[in-house]
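Two complexes are shown next, each including chain A; its partner changes from chain B in the first to chain C in the second.
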Partner chain A sequence: MSIAIRANRLTPYMFMAPAVLILVVALLYPIGYMVYASFLDWSPSQRIGEADFVGLRNYANLLTDEAFRESFWVTIKFASVVVTLEMIIGVGLALLLDRNIRGMSMLRTIFILPMMIAPIVVGLMWRYMYHPTVGIFNRTLKSLGFEEGIPWLSDSTWSFVAVVIADVWQWTPFIFILSLAAMQSLPRSALEAAEIDGATGWQKIWMIKLPLMMPVLIVTLLLRLIDAFKVLEVILVLTNGGPGLSTEIVALRIFRTAQEFQELGEAAAMSNSLLMLLMALTIGMFVFNKIQEGRAERMRLAANQEAH
Partner chain B sequence: MPKIVLEGLVKRYGSIEVLHGIDLEMQENEFTVFVGPSGCGKSTTLRMIAGLESVTEGEIYVDGKPVSHLEPKARDLAMVFQDYALYPHMNVAKNMSFALRLQRRPKAEIDEKVSAVAATLGLTPYLNRKPGALSGGQRQRVAMGRALTRDSATFLFDEPLSNLDAKLRGEMRAELALMSERVQKNMIYVTHDQIEAMTLADRIVVMNGGYIQQQGSPEELFKHPVNKFVAGFLGMPPMNFLDGVISNRDGKAFVEGAGFSIALPPEKTAVALSHPAKDVTLGIRPSDLVYDPAARDEHALSLSIVVSEYIGAQTVLLCDCGGQKVEVELKSTIPIDKSGQLRFAINPEGIHLFDQKTENAL
Partner chain C sequence: MSVQKETQNPAFYMLMVVLVVMSLGPIVLMLATSFKTNVDVYDSTVSSFFFTPTLANYETVLCNVLWYEPTHVDYCDPTFGRSLGNSIFVALVSTVLTLFMGCMAAYALVRFRFMGRDTVSMTTLLMRMVPPAVLLVPVFGIWTFQYRLDGTFTGIILVYTAMNLPFVIWILQSFIVQVPIQLEEAARMDGANPIQIFLLVVLPIIKPGLAAAAIFTFRIAWNEFLLGNALLDRNTRTVPVTIVNSITEYDINWGVIMATGMLLAIPPIIFTFVASRQIITGMTAGAVKG
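Then we have the complex of A and B:
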């Protein structure tokens, strides 16, 4: 093989090299660092080289750690509740607002405002609104004759409801905007054909719109799910995990394990567990895409074969 | 089956008016064909009848009742869309049975209907395919099949055969003609293809620029076009037009132009001589020009060949007549001198006269 040809073959890799380098440094190094740290008994006062290697002990500890198991459970509960609510409300709103009324573009812009606010600010905002005496909710309840008010952030059930409401408020627009985009790219004429075929508004939604939007909806759902598993700031500001452990999600637990308990190795192990869960979700999403592509590919092949 | 009447139908998109008052009465069980050049408003008219497009002015009556405020599904019609409009997530069988499934018909009936229609359209091998895995022509047949599985009172077709190859198109045309006789429904059909229009239609509606130019039976339109547009639009190869002047020679009317001087038949004489404007266009279809070296001057055109197109049994000759273009057809077996002048006798019944300015028939 001549040098020229060999050089030619290497050219694409040379072009890729800078990107790969950045990726390795920026992405893989921190992750590798964290994975390595999860095998150490490491406190913030030590340099990483000084920490003792303890093998899988940190992971074994997690299995018996009641508080961690509780936070894992809270996270799953939180993520599934908020994502379900957000999907239903977001897609529902998109279905309602998918029409050409004047001022609709303005309305759409207003709808996505919550997404643009920094999570810390959202947390603070809602904390004032949930305030037991001067918050807008309890004052409104009071003016309606409910003297008691609701212990928004001091009761373990209500505090869960409170963080769910805040998250739904902030993230429904994300789903709304993606499903609206999906809906507006649906083939108009297929919907017209359905009208001619005698479909009612509901039948059009269930039999045409939703099935056609499904690929986008599933990706949206997974993106949102992954994000919901990592939520931290809003809850940190709003309840700081309390009362008790009722709103302590894994991210908060990790934060506290590292900050308060100074157990960096243990925190890294927790992060890795969360990472693995998210990986499973991402792979799920990937596999879903592959299956869809595979199906389309097989049909194309079948079509070609018969054409010849 | 109902009688559909369009009354003063106007369509405006914002300030653009695309239909300028369409008046049309379609009889019961009539096969009506809309033809016209691209962009003349055929699809728009069809979509207004279907209820997919709002009516700006005017009204649509079905059996005497105004329907323009009704939703499409209340109008009892099936439609084949110009762009197929298949449901991408359903296979062919599901696409075709969608309306029936919405009506909650028994499964056995649905299956029977679908397989019968699929068989006539040659779609049986593809029943389990999604539209994405079909060719354009196959999709178009599915769109057709979806309409045919329904037993609506009215069928609307928007260029349903435009994407098929010539052979398949011929077969489907015959199939449609058969069906329209068998099922006795209202059919409203849009096409560019004048063979489709001529063979299928009970009534042809020729449109141009948002106006109806002429409507009537295929024969009526072919024999008595009301203006130059209709005359030139129907018939293949198209009608020849020669500009000339009417002259009166001892009570006999002639049309004279560069390279020709044709005597008009007696029944055209009066109308030609009484017409105020003398500048006219003579229209003669290629089929009314017969090769005849012995024809007399006043009944014949002398032509010199510019291009000769051999198309099998026939040869189409593109000729020159005093600077104007004339197309004629000739049996390929007739020996001709391609370099000389050829004489073609004019069938006197095939002479059409149009005013040069207004382009209306005399």
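Then we have the complex of A and C:
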């Protein structure tokens, strides 16, 4: 007889109550409020009751707003570039270093550091390194004879590159650690069988390791993609979206619309669009997980039947 | 099967050294710069890593909490010392609250079947991805006009707790599932009630999970800028808010700002070295196990 059935009916609710209360008061209610606010013409000095209802005007404004469209495009570009680079480098490194090497745990520890440090501080470090005169990059270039240096943060193409480099530095270790963990939990038997059949190193990677790791890799990719849409502080400190709008991602646009332009309704409409995009990605990940679980279950059943 | 370390091609060690240098480089550079005077920073003849170190920047930053008065500080700006205290308080309290509520909720979700369980678990999962930027507008509006919590520690702790709960619940679920149910049943046979079972049987077993969850929660609350910036006032500001406010000026004193950044980075760095195993377990728990 399991605990679940015999327990007092009220017990689970008692355990859930504090968390549910906080989540409703400080997360669900604000999100619902935001959806409502996105239909209002609202400035920070007004209470929400005093704001005018303007229907879909904020959303219509977004569609025609060049700056928002630009920042939406920058976000998509940023997220896809960093996630692609990080996946390639991270998985590549994991494949290379998936062997008994002394010092591996030390490497992993050091690799976590960039993710643990405040994004604000990461932005600071890179801003210092990209500094046109005192930064280490331009100083090195200068000592190598390139007097001009690179306009890291003042040219629109280079500043995008600069932001991408900082993000790749910070988050590639995440992919590396997850894919290394996945690789080390692969069934040894499959690899040994391939070795007996005379598979080369490349064949083992392409035919066995990568396909078997695929579920984990896809989840990792989605997790990273969701996070890439949330990046804000590093870019805020590095470039503040500039020069022009070249690095202004949507999260930063929301921040500036609310803080500088004081257009809360419009900022809410933007938040809502970003939220729906992220929601779609999360549901995608959830569905993918469910399908995977279902498949694993069926395979286990099939294996059991064969055994009998 | 032998677990012994084999001798590997030296090229792999070279690669590892390069990787370590690349990921530590910026951090070490920040540390070095924090010991540098502003004159040395702008002097191109002074090397990035070799110079006469000074504690002056740290003295400037911490001037009002030091037991002596640094001679080179003309005017002591108390902002940073105060915000450091604020940050510690906010991060610690919200971590404790989040863990407390999170582990209870996770336990209920794993071990009990009750009405609304699926809804709650689905909602928690979806809430994980809500970025702080999306919460900015509503939280600002509600906290200012309805809850009247703007500028208070209660207000910011409430947001941080709510923001971290979904993640903590989700991560702890994967640890609680692994607790052998026989242990709980045995305790029940001996007459323990659900609360005793939870406190005396389950919690001690999931300690590593709690450690991982605590580190992740502390890290978010400690590092968060956006909501802190919107909700806190001059007296309650946390360190990230102070840092961003001090770099908007055109002329940056790099030494001082790097010392500030270093002080903000030290707690997460310590956690990383003390509990890297728990952090990695926490990180992989979700993705690898699905």
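A few remarks follow.
Here, the second predicted complex is superposed on the first by the 268 of 308 C-alpha atoms of A that agree within 3 Å, B and C clash if a C-alpha of one lies under 4 Å from a C-alpha of the other, contacts with A are read in each partner's own complex, and residues count from 1 in each chain.
Everything that follows uses one rule, which is that contacts are C-beta pairs under 8 Å (C-beta built on N, C-alpha and C of every residue); 3 or more make two chains touch, one makes a residue touch a chain.
Since the model is a prediction, treat every value here as computed from it, not as a measurement.
Looking at the shared chain after the overlay, A:Ile196 reaches chain B, while chain C stays out of its contact range. With both structures placed on the common chain, the touch criterion links A:Trp171 to neither chain B nor chain C. In the superposition on chain A, the chain among chain B and chain C reaching more residues of chain A is C. When the shared chain is aligned, no partner comes close enough to touch A:Phe78: not chain B, not chain C. Legend: residue contacts after superposition of the two complexes on their common chain; A:Phe68 is shown touching neither chain B nor chain C. Chain A has no residue lying at the interface with chain B in one structure and with chain C in the other.
Residues of chain C touching chain A in their complex: 1, 3-6, 8, 12-13, 15-16, 19-20, 22-24, 26-27, 29-30, 33, 41-42, 44, 48, 100-102, 104-105, 107-109, 111-114, 117, 120, 123-142, 145, 158-159, 161-163, 165-166, 169, 181, 184-185, 188, 194, 197-198, 219, 222-223, 225-226, 230, 240, 243-244, 247, 254, 257-258, 261, 264-265, 268-269, 271-273, 276, 279-280, 283-284, 286-288, 290. Taken together, the chain B residues at the contact with chain A in this complex read 50-52, 71-73, 77-79, 81, 83-89, 98-99, 102-103, 125, 129-130, 132-135, 146, 150. Contacts from chain A toward chain C in the complex involve residues 2-4, 6-9, 11-13, 15-16, 18-20, 22-23, 25-31, 33-34, 37, 42, 44, 47-48, 93, 96-97, 99-103, 105, 107-114, 116-122, 124-129, 133-134, 136, 139, 142, 169, 173-174, 177-178, 181-182, 185, 188, 215-216, 219-220, 223, 226, 229-230, 232-233, 236-237, 250-252, 254-255, 258-259, 264, 267-268, 271-272, 274-275, 278-279, 281-283, 286, 289, 292-293.
Note for the complex: chain A touches chain B at residues 187, 189-190, 192-200, 203, 207-208, 211-212, 214, 296, 299-300, 302-303, 306-307.
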